[in-house]
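Should a chain be cited, it is by its letter among A, B and C, assigned in written order, with residues numbered from 1 in that chain.
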Amino acid sequence: MPIEEICKTLFIILVIVAGLAPIITWIERKQSALMQDRIGANRADIGGITVLGLLHPMADVLKLMTKEDVVPQGANRMMHMLAPLIAALPAIIAFGVIPWGGIYSFGDTTIKMVAADPDWGLLYIFAIGSIATYGAIMAGWASNNNWSLLGGLRASAQMISYEVTLGLSVVGIFMVFETLKLTDMVMAQDTTLRVFGFIEVFGGTVPAFLDWVRLPAWGIFYQPLGFVMFLTAMMAENKRPPFDAPEGESELIAGYFLEYSGMRFGLFYMSEFIEVIVIAGVVSTIFLGGWAIPFLDQATIIGGIGSFMGEGFATGLCVILHFMTFMLKLIVMIWLQMLLRWTLPRFRYDQVMNLCWKGLLPLSIANILITGAVMLLVRG
Amino acid sequence: MVPIEHVIGLSSILFVIGMIGAATRRNLIVVLMSIELMLNAVNLAFIGFNRLWPGTAEAPALDGQIFVLMVITVAAAEVAVGLGIIISMIRNRDSVNLEEVSLLRW
Amino acid sequence: MEVSAILFYIFAVMAVVSALGMVLNVRNTVAASLSLVVTMIALAAIYVLLEAYLIAVIQIMVYAGAIVVLFLFVIMLLNLREDDFAPGRQWLVKFGAGLLGVFVLIQLLKLVGPGLPEVPVVPEGYGGYRQLGILLYTDYVLLVEMASLLLLSAIVGALILAKRNID
């Protein structure tokens, strides 16, 4: 069904990427203003109407589009031109496998709310993430500028290092859910987790009042350490503060995109924000239950409301509720990243590397070991 | 899918390109990259032949793919050591030209 | 012609052209290594067409994502400018290599020849992480251990080679 796939792809590009990315720049401005005790973005206006500063993204885009596109002397023109595209493309196509809703059946038609659903969905995101390094490297090299080159070098070293931690920190999640397919992963989280269920492992029985104590079966409750490490590694991959040593303005001016102006700079700028959405999407899918509503699974909604309003209506309601839940989680994770970005100061470059190789890597391997031991105990 | 002969043909062409590169280029980095290309060509042949004899769902015959995994491991190890050699060569000779590596001791 | 065949030929041409671009590019090593990346990605796409999904992802993650980035890292770190790469005029070597190449190619293609069976339909789960993982950790577990030893020795070797003075 190519029509269906085209619709889904257009939906991702228009709604999630093009619609959400400008709003994120607004969230970032407002968040920074809040934390620095300022009023924040409120100057851009059309005839005196400012709409809470929401016109700033539009003004930004207009400014970037009309600026001159400068190519420095001695630069490799073709690579200088291609680098921003290569930086922005992986961020956008990573969306293809993130489910923004479940699988619903209306009569005999089944609708899957995800553009592509391969068996190896999470691996696809890692592979795409490893391609993203090239944008930074090419930009740094092609600009024929020492600071750019240093920025590109730092970016590539940082991104390869954190790629390792990124992969190892979610192995625990693979083991718990026993799948790499993102839709199956969310489906497994659309239930509840019995907090005192571990008593049965040791041969006891769970008292009725304790059996009532439950949590949503989200990845974050199975793998709290994995969640922290994954979020850290993902943020380091994105090269935003506090991991922005590749573009640290006090040392490298602007790092690898120093020599870019106009919309080419805008692409680098946007790709960072799009990647913020990707991170929020991936983290909320594998650790926060994706579209799953806590304590209210799909079967309950359809069974409960469908009994007096008809099954079709209940399923339609499910689609809307699940999409809203996913967007809510997405926005909470985006906001969390903004909060971290404006709270923490930049790491020194050796601190970034030490955190990866001496902190996160051993911890993630220990996490795999502990998860394996617990799973052997619980599932036998 | 195309006949596997075409896959093996592609693999042979890539292998020969890599071989010519490794034999004629004098830049050590490009020689290393050509060797990577030859390893990749071999991987392609493994995958192609494995596709011809895939086994059954109960007893999958994935020996070709496992061999590819091992080749990738060896390639990674080779690149790590090879680039170490290149760095120490730059320190001692200030060049990556293979012609200048003519002494047995530095 | 079916879609997968057309895609195969497109990616095959892409792989060969970018491989030639790597070997024949004598002025710019960065561009040469970037064309190697294009070859790697085209090969990964062909692996997907051959239904070796896990290998395709690993190909992109390890080759394109790590190995070639390391090459680029070293090229940029050592700041090798383009002039260092002008090759000597060794026509004899090039002629010999070309001749050898043609000879090897003919021999390799002769080996394939006719007589290969039809491409069968793949069984369920072929090339996925489940089957490969189970095989790797049961029948081939010794191989995995050997690979880990190899990588460890490579790390130690690279450190010793690249470190200025060992303390």
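Miscellaneous remarks
Quick note on the criterion: a residue touches a chain if its C-beta (ideal position, glycine included) is under 8 Å from a C-beta of that chain, and two chains touch if they have at least 3 such contacts.
All figures in this text were calculated on a predicted structure; none of them were measured in a lab.
If each chain is drawn as a node and touching chains are joined, the picture is a simple open line.
C-beta contact counts were set side by side for A-C and B-C; B-C has more. A centroid comparison over C-alpha atoms places B as the chain most distant from chain A. Mean C-alpha positions place chain A and chain B at a centre distance of 35 Å. Note on chain placement: the centre of chain A and the centre of chain C lie 30 Å apart, centres being C-alpha means. Chain C has its Cα centroid 5 Å from the Cα centroid of chain B. Within chain C, the positions touching two or more other chains are listed as 54, 66, 70. Of all the residues in chain B, the ones that touch chain C in their complex are 1-10, 12-21, 23-27, 29-30, 32-34, 36-37, 40, 43-44, 47-48, 50-57, 60, 62, 65-66, 68-70, 72-81, 83-88, 90-91, 95-97, 99. Chain contact summary for the complex, chain C toward chain A: residues 28, 30-31, 34, 37, 41, 53-54, 57, 60-61, 64-66, 69-70, 72-73, 76-77, 79, 128-129.
For chain A in complex with chain C, the residues that touch the partner chain are 76, 79, 118-120, 123-124, 126-127, 129-131, 133-134, 137-138, 140-141, 149, 152-153, 156-157, 159-160, 163, 167, 180. In the complex of the two chains, the chain C residues touching chain B come out as 2, 4-5, 8-9, 12, 15-16, 19-20, 22-23, 26, 29, 32-33, 36, 39-40, 43, 46-47, 49-52, 54-55, 58-59, 62-63, 66-68, 70-71, 74-75, 78, 80, 84-85, 87-88, 90, 93-94, 96-98, 100-102, 104-105, 108-109, 112, 114, 116-117, 119-120, 122-127, 131-132, 135-136, 140, 143, 147, 150-151, 153-155, 157-162, 164.
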